[in-house]
Amino acid sequence: MVINRWLNSVAAAGKHLMRRSPQEKEGIAALCKQLYSNKGEALGIALADEVARAYSTLDPEQKTAFFHTLADDYNPDPELIHQCAEAYRDSHSLSAYRSLARAIESPRQTLFRRINMAPSGTRTVVSMREDLLQIMTDDDALSAVDDDLQHLLSSWFNPGFLKLKTMDWHSPAIILEKLIEYEAVHEMQGWDDLRRRLDATDRRCFGFFHPALPEEPLIFVEVALVPAVSRSVQAILAPHDGEVDQQSLNTAIFYSISNCQNGLRGISFGNFLIKQVVMQLKQELPQLQHFATLSPVPGFMKWLNTIRFDESQKVISEDERSKLIALDTPGWHLHSSDEALKVLLMRLCAHYLLLEKREKAPLDPVASFHLGNGASIAGLNWLGDTSSKGLEQSAGILVNYQYDLDEVEQHHEQFFNPGEIACTPAIRRLLTAQP
Amino acid sequence: MVINRWLNSVAAAGKHLMRRSPQEKEGIAALCKQLYSNKGEALGIALADEVARAYSTLDPEQKTAFFHTLADDYNPDPELIHQCAEAYRDSHSLSAYRSLARAIESPRQTLFRRINMAPSGTRTVVSMREDLLQIMTDDDALSAVDDDLQHLLSSWFNPGFLKLKTMDWHSPAIILEKLIEYEAVHEMQGWDDLRRRLDATDRRCFGFFHPALPEEPLIFVEVALVPAVSRSVQAILAPHDGEVDQQSLNTAIFYSISNCQNGLRGISFGNFLIKQVVMQLKQELPQLQHFATLSPVPGFMKWLNTIRFDESQKVISEDERSKLIALDTPGWHLHSSDEALKVLLMRLCAHYLLLEKREKAPLDPVASFHLGNGASIAGLNWLGDTSSKGLEQSAGILVNYQYDLDEVEQHHEQFFNPGEIACTPAIRRLLTAQP
Amino acid sequence: MVINRWLNSVAAAGKHLMRRSPQEKEGIAALCKQLYSNKGEALGIALADEVARAYSTLDPEQKTAFFHTLADDYNPDPELIHQCAEAYRDSHSLSAYRSLARAIESPRQTLFRRINMAPSGTRTVVSMREDLLQIMTDDDALSAVDDDLQHLLSSWFNPGFLKLKTMDWHSPAIILEKLIEYEAVHEMQGWDDLRRRLDATDRRCFGFFHPALPEEPLIFVEVALVPAVSRSVQAILAPHDGEVDQQSLNTAIFYSISNCQNGLRGISFGNFLIKQVVMQLKQELPQLQHFATLSPVPGFMKWLNTIRFDESQKVISEDERSKLIALDTPGWHLHSSDEALKVLLMRLCAHYLLLEKREKAPLDPVASFHLGNGASIAGLNWLGDTSSKGLEQSAGILVNYQYDLDEVEQHHEQFFNPGEIACTPAIRRLLTAQP
Amino acid sequence: MVINRWLNSVAAAGKHLMRRSPQEKEGIAALCKQLYSNKGEALGIALADEVARAYSTLDPEQKTAFFHTLADDYNPDPELIHQCAEAYRDSHSLSAYRSLARAIESPRQTLFRRINMAPSGTRTVVSMREDLLQIMTDDDALSAVDDDLQHLLSSWFNPGFLKLKTMDWHSPAIILEKLIEYEAVHEMQGWDDLRRRLDATDRRCFGFFHPALPEEPLIFVEVALVPAVSRSVQAILAPHDGEVDQQSLNTAIFYSISNCQNGLRGISFGNFLIKQVVMQLKQELPQLQHFATLSPVPGFMKWLNTIRFDESQKVISEDERSKLIALDTPGWHLHSSDEALKVLLMRLCAHYLLLEKREKAPLDPVASFHLGNGASIAGLNWLGDTSSKGLEQSAGILVNYQYDLDEVEQHHEQFFNPGEIACTPAIRRLLTAQP
């Protein structure tokens, strides 16, 4: 801590040491203008730091105004673009290409790159995008600002710069509290629940970190090491004790993956995270044979409710439609001795996952993510998640997406070319199952 | 070390674990093609790692061939650019702008971004540029490859991502040996010389590091803490001992600044480095009052030799020209009791620094760098560097560029606007000095 | 974590690699016998590790039996002591002295030193003493075991080996949870309370750590930085927010000091901890002028209740005695507009602190500790701690013991020689205060 | 570095902050007296620090005087010892034992324990012993001081407190330079030689460190990983390059073990070091099958030269004696085509190792060390070390002592009980070999 304080005080000192113009308290717009000018080169970090501090004090309205300033004042010059485009058309020379590329690049990118030089620069740029995404609607002008932020952040958060870190009970509290805050799939019930998920010998938690945000996980995955593929998330989350026979643990279940930074929305890490974790676990524990998720089907009930009331659909019969009325009764799963309902819902879920697509990809976002990564569907689990969220979104069904690194390439090829979805024969049989 | 080895073995394991197509030993061009395709997304790091390993085994000829492949096969499509440019001209819409920007961006950038995902990706991309700069002449085609590399590296090596680190006798040997290797201004004579420069209580060494290259300084500066502005570099480099009175040290002399990575040529860090070091030193040692370099004038003798033999010049008289013949005798500085020669050379050096310009900036690259950063000329030191290199390039003269953080902004403004060079009156008087 | 696991697995491997005699599952007594023999030298760490593991599985009864084995079988030989004592009396030679010293030293010390060689050896020896102190009564035999443990632990936990560490919200959760567990003065209400005490810019927490127990604080102190000496602990513990003006903080209040390791009872660190923290804070925050505790008077009420009902005492008059009946009503402090009661209790507390002694030292253990360390009494605070524990033990009064490093030596001398207690005149005046 | 400086400045601050008596510059004897008194408790670290600083400025004569002061003024009281011994004889009570033990313990131990509290305390105590060992002859009085130092240092440097660390090219220069300095077996030729020994993938270096001396290796071992047991140290030390086939490396050769701290003479770590390194290497590289040293026979030539000229010996015949004259010619080993000489010397060396003993242990100190640790003799290598030191001490012969963890216990038992030396049959056959 002493060190952190000391570093902060260097930054603080910097602010005071490199004294600038006498006028105090310039607005953020004026500061940005200076930072963008050639002053930015000379005063560099000190000026960027002033912008970052100024931004941190803005209220929501001021932020909106600031983004509009960015949208209005830092655009490329269309006239220059036309001229350069014509010159390029005429010569096709490298120098004409360069001029055109320079003319196209938005001045905002230069500005954001300079803001990034501040001690808390990267954090500030990520926050700006987080704020912008909340403000922005379909407003064309602000979209252009977002384009530039997303372009830069994609480049800066290249997977080559990320560090995979294990998080456990030895990790700093300042990091662990973020796991509690950001867990998006199966909410954490405070520090005791966290400890249960991290500290057992058959649990692991891995996350990606960026060097400029050393205390901020970008994404993390919670893993249970188990003797056989898990079919219920409540079984994993329940307190458990007793000795674990390490040698019997042959399966790693990824039961929760959470993104942490709204400001990095649309910049995908999950793909890389899962595969790196598979490699690291296989290295650490050679006895592991299977790697699979235990994932919700978040779009299932929404889709089901659409077709249920759509007269024109051909997926369910009249008879089945009436069966589905059972779902409208809260707690239906508790007395679901109804085998026919189970067979029906499992068939519909298999149908939804394997056959319902949008532009060749599965309609379900989670399915689309894992199958696009080269995973295959290895299991559909009836009443795998009986939390209210699980029932509401996925009718309680959980999917095991299996990651077999030897087959990732082949699955991926099939997925993108013929558009085939990799799954076990048992899953495919569900499509035609009858009670 | 165990850890490093372990991490490497994870990467190694990755290579084997994520087995790909049966054909072994694909050429780097084929690997890049796969990496650029959507396979790149699925196989990510493993495929990038194969490209990096393949690149590391290329001989110079194969590298040249590889760069030409990059130059030929990963260009933007001119026809698409024209179409998008026209569409943009017609609509001026954001979506048209986006299409144009996408069409302009070279596919090579995507490829390099994916190579960067490998465990040694950043190192590989930096090496590629280092190699390319050696191969490239004025060959238009390869310049386009360099444009893309430079664009990405500028973004990735943004000062906001760099860490300022102190290097001393507690630093890892693997880093220190690089200081010996890279010292570009005053060559180091092995480990004893290094220790002398690092380990004394009145010496410091600071460098910038990037998180992806943790054992590679990007640039470093050597600092001597002294009781008064130093006028001779040999005095600084000489072995010295005896107790140092810490309280008397009121001046920090930056006597050597060296860039370490040829692959990052043209991406400037020096500016930021000096100012951050000034702030950090001021924080650590509040008694420090003055911060100045002790710098060569590397272009002085070259310029002097040009005008000496140029009949049309008006800078030196016939009489002075004959005086300068003395410089042609090796060892002239040893018996330079000739005060007139000193006055003449100091005047000419002041003239060169203050008045000789190219596009408003000083002709001398070191002067241009420091003055553009907002420093001022605080001293010209006769026979400040009597090494053979110092005599050959700078006629033995060394310059003190002073960094006064309170005046950096003002100096910078003057430098860029009226084009005025900040210096002390004494320096300006040299312009008209007579023996 | 990976690393920790790996280290543990080295120890685990060691156990298996260095295979010993075929008979598995020897009892701890047999293992100790081997470890004490010259086998202990050859098998060293592996054998010590077996003892440590065996100890960790003992139930309370087995532990008692084990300590009795230690008490019976590892004693020095009285006969040998007599012989050596006589030889020494006759020769007074160094070699006779050596023989006598060797004869005196208990074999248990050798045994404990060898147990300490195990990877978890120090932890095991500290646990043994913790268990022993719970079992031991006035049993002579086991006292001898405790003597040896205390002797070794005093030597091993020499202050020169301890590290002062700052604990804050960046510390590992595994350490922070121990602060919650061990806080002995003002109990912590879970993680939120902990965060409040650690993470504010005007709070600090320091602890001593031993390198062999890197995740176990030995003792820690909680500090509040305030603009004036605090008079109430509830004010310190209350949630607070709003910006803190760092420059106004001129006083450090040590409001809670807790020992963490029962196995180290009687080995004093508090003395060193406070002084080192004073030095470190003064270094970090030169504006700090005052350093004082806010301490309970844990023996006050007990003493008061003794004299209240003692006819022979001369401290309180009959009138005052009847006044004190008020204390027997729960919640008396809430409607204590009774100034006379306050004056009386403050007088009695001053009397208790300054005049009631046992063997020259103050009767109150906390007073004895701080005054013996060279502190002085700077304040008595009426209703400084209105928690039930505070009222019960200290009648709600808190004391400020002030640490002025310039006067520590002088106070200490006075305390030990004339037996004078350092305090302000105001405190001394309390002794004779009348309502 | 910043951190180190900062810590030192805390200590420095401490010195000034905790101001003591006005008289400056007290002698070390006076300071020790204060530290030993109850002032030592109050002023603790600050006073210990003054003693440490005072000691560091003493010249050799002053050190001698200081040790004599310690020898004279800090002895136990013989009269008190007698009284306590008698009381113990009479009562045999625990309290009498305690009094006797207290009376026996030398006051010097208390003093040294308090000196150890200084920031550089442990270093100071180790230095004191290093200096004392140089001064001390057979002087009884100073031996008593050494007894106390050795007693404390043995306790403090218990193997349970030591950390095994890998040293390689990533280690701090300040540690690596000590390897160059301390290498006692095969001298290092500077940094290039060091790098060769550390940085290759088939070399390792391990050392023990104590937490109080984090930059001082206590002992280190250099290891070569090879495909078969090495028979020549020059082959190991020679520069080598080319790829190493990691999988072929099935043997670890410990070719150099060096103690670093003269102040810890007689406190054995080597035993523990070798076994821990064996375990760690086996964990890291499971393919390793054999662990053996490549050790000199440092007493061989000395012994041989004694018996050569001893008429009464029966080990060598007259004929053989004349053969040995060859050894007196420098460079004899270069033209040693003399197979008979080889057979003779190998026989004599086997004889020396297996049969020549002092108090049951082998006469040769290196043999005694390894065999006592449970190793066995696995090979005798003719001309294994042709350096001048190797020829002079060991007639060029090197021994492989093999560490097989499964047999360590059995070898150790045999060694200590029947006094049998474990070796291969081939070694035993050498005893009777004829040319």
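Observations, loosely collected:
The first chain written gets the first letter, and so on, giving A, B, C and D; residue counts start at 1 in each chain.
In this text, a residue touches a chain if its C-beta (ideal position, glycine included) is under 8 Å from a C-beta of that chain, and two chains touch if they have at least 3 such contacts.
According to UniProt, the chain labels map to these proteins: A, B, C, D = Decarboxylase.
All of these numbers come straight from a predicted model, not from anything done at the bench.
Following the contact convention of this document, B, C is the list of chains adjacent to both chain A (Decarboxylase) and chain D (Decarboxylase). The contact pattern of B-D recurs in A-C, the pair among C-D, A-C or A-B where over half of the contact pairs coincide by residue number. A centroid comparison over C-alpha atoms places B as the chain most distant from chain C (Decarboxylase). Homomeric contact chain C (Decarboxylase)/chain D (Decarboxylase): same residue numbering on both sides for over half of the interface positions. Separation between the centroids of chain C (Decarboxylase) and chain D (Decarboxylase), computed from CA atoms only, is 38 Å. The distance from the centre of chain A (Decarboxylase) to the centre of chain C (Decarboxylase), with each centre set as the mean of the Cα atoms, comes to 48 Å. Look at where the CA atoms of chain B (Decarboxylase) average out and do the same for chain C (Decarboxylase): the two points lie 56 Å apart.
For chain A (Decarboxylase), the set of residues touching two or more other chains reads 2, 6. Of all the residues in chain A (Decarboxylase), the ones that touch chain B (Decarboxylase) in their complex are 6, 9-10, 13-14, 17-21, 38-39, 41-46, 48, 76, 78, 81-82, 85, 88-89, 92-94, 97-98, 100-101, 104-105, 113, 116-118, 121-122, 140, 143-144, 147, 152, 155-156, 158-161, 211-212, 271-272, 275-276, 278-280, 282-283, 372-374, 405-406, 408-409, 412-413, 416.
Across the complex, chain A (Decarboxylase) is touched by residues 1-2, 4-5, 166, 168-174, 176, 190-191, 195, 215, 284 of chain C (Decarboxylase).
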